[in-house]
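Pasting the structures here.
Next, two complexes with chain A in common: one pairs it with chain B, the other with chain C.
Our next item is the complex of A and B:
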């Protein structure tokens, strides 16, 4: 066993070449996951609400978007965006930007479904009572439905964050130096300790995801107490 | 001019004819009690009056204005017709006070302080001003329903609709809600109440109507209704609930 390879390159696995060079490694993985979940939240919220609309011109595009994205493997989306985006916009997008767009789009389809399920899970009476006092549908959504639904969705958002953290490892195919690619690079350079290197990053992924998943389970238990009845 | 004029209304759910030619005229300050067996269309009927349900035929006039006219703003209409539901439907994420002030602030654009002082008056009127800072889950069913009444009153409606407001309550809490409603009736509110609380009907109703199969089968003063019902179905129904 050659754990010294891991020890000497641990900085690189955590932060890439930073601060001398560009940021990478685990820090990059976490930043990408945070950026993706943030972007995907807003896109997913809009798409999810469109999906709930009784109006066909809002509902159908949302349904098509959700179904297509959930129906293809992420790695295909990553490659498609990277090679097709340049054709569409006439210039190449840096790998990291292309990767982020893909992750946001991919994750947003799942968030949209979480939003839809969360809104539909609230008792119908909440919308009726708000409309009965004269609130518009939009006002009822903003002040009554979403504050409750979004809070109930927090555990699902945390789970989605866990997924996207794992998903970021796929963008290594574009040459983005996140955790997986950092390990590949170190391995290519040293060639002596693949087992130790990949074991190390595996544990890193696992610890992050495990901590978050346990946290989301705790949240779910806590929140079960505060839900609307009836 | 009647407060509410209901003319020949019909409603279908798909093929199912829920409301069959319902006619009714309610004067300002009148209290109407609607009773009838389950599934007879009572809820559907009163929910048409604030357009939570849409009718397919006929018209409903509120102070002479057809509420199904194209130019009618549904949200504005609903500020004039308050509603109280069987399940209370309070907003669980807001305090009692916020439940009452939400619509005045967002719909009427009332300043928060003014909305709150009005809300406190209404909460005092239904006897729960000391619970204003609590959340709905911390209140008993009877208290929650009284908050729901205050919430509806906060928009200063001209008409109040009640859909079985005491049916989800434990027996010992029914009276506190009925008392709030009686108080409202005595103050001259125009009220349509779906309820099987016959004591309430006797005491404050001006008229009682009995619905069955989507139609009004019988109507009259409480006196007539309880002592001298004409229709067989009314008699059978009264026998069952009294």
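Our next item is the complex of A and C:
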């Protein structure tokens, strides 16, 4: 057991080379997860509502988008975006940007499904009543349906955030120094304590994800009480 | 865009063999992991229901820990870290055989079994508690009641979520590329570096993953429709 390797490199695992160099480590992981969930929320909301539309030209593209993204391993998407789109578009994206775009695209497909399920879970009467009071479909969506549906979706969003946090580890293949990459670097430099290092970052990921998961469970329990029923 | 596609380079001769062997390894690693994950997952779910405190704590810690940490790091942990964990003879045996494959199977099994355990537990919980009590009252032991009464009913309900877990497992197996298991994505990358036909190789691999996923998710939808019509709880 060589826990001193972990102890001496603990700063690096937390912040990367931050004050002297670029930010990395756990801080980078959290920032990337926050950024991607924020981007993915808006894209996912639009795609999810498109998927619910009765018009074929809105519904089908959304369906194809969701099915393709959800049917392919994330690591494959990451490689597509980073190595192959430059061939098509003709210019390269820096690793971090490319990773963020991939995570947003990937997560948005899952959020779209959450949005769809959330809207469908509301009683039909809500939409019918809003339409009957003279709101247009768009207005009914924005002022009546979404405010209720989105609130019910918050626990699912938190769970999705946990998934994104775990997914950011895959960005390691592009060389972005988030937590996993930082640990691999330290391991390559020291070579003596792989078990201790990976155990440490597993625990770091676990602390963040577990806190969030428990929070989402509490939220779910609280919200079950205030739901509009059919 | 000026890129001339040469599909026959990838879809013939040696490169085609590579892709096929990649598909084979992907299927193998997924099937082996799925088998073990199902066994361990069922065991964990039943242990959780025994209400024997050490079992309950153990399963709770196991499922929470492995569900809330990234699979990639778990793969690294088993692959690079097992040196300090396993006894010498086990390591020697593993190094003589396919250690990458074994580490991949262990990581995928442990990760997936945590998810499967939760699915099975919720399946068992959806069977009314009185079923268990009635079976116990008939004189069946706890294990017998599980085996003959509760689990057969629970498994019927959880088949769709279990299949989607299997699908996730198949997609997750692509991560074993990072430790050098020669599965589909690894082979696609290898063809890319030998032939520089990156676009074609990746497209073929993507299409294979995609078609498996789409066929399976279509089957689940059909099963759900059929199931909803015939059974109602």
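Keep in mind that, in the parts below, the second predicted complex is superposed on the first by the 230 of 230 C-alpha atoms of A that agree within 3 Å, B and C clash if a C-alpha of one lies under 4 Å from a C-alpha of the other, contacts with A are read in each partner's own complex, and residues count from 1 in each chain.
Keep this in mind: a contact is a pair of C-beta atoms (placed from the backbone, for glycine too) under 8 Å apart; a residue touches a chain by one contact, two chains touch by 3 or more.
Quick caveat, the model's predicted, so the values are computed rather than measured.
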Contacts of A:88 with chain B and chain C, given as first, second, both or neither: second
Which partner, chain B or chain C, touches more chain A residues: C
Touching partner for A:148 - first (chain B), second (chain C), both, neither: first
Which of chain B and chain C A:53 touches, first, second, both or neither: neither
First, second, both or neither for A:129, with chain B first and chain C second: first
Chain B versus chain C as contact partner of A:120, first or second or both or neither: neither
First (chain B), second (chain C), both or neither touched by A:218: neither
For the chain C and chain A complex, residues of the former touching the latter: 1, 3, 64-65, 67-74, 76-77, 80-85, 171-172, 174-175, 177-178, 185, 189, 198-199, 202, 205-206, 209-210, 213-214, 217
Chain B residues within the chain A interface of the complex: 50, 52, 75-76, 78-79, 81-83, 85, 87-93, 102-103, 106-107, 137, 148, 151-152, 154-155, 168
Chain C-facing residues of chain A, complex: 1, 67-68, 70-76, 79-80, 83-84, 87-88, 90, 162, 165-170, 172-173, 180, 183-184, 187, 194-196, 198-199, 201-202, 205-206, 209-210, 213
Residue ranges of chain A touching chain B (in the complex, touch as defined): 123, 125-126, 128-136, 139, 143-144, 147-148, 151, 226-230
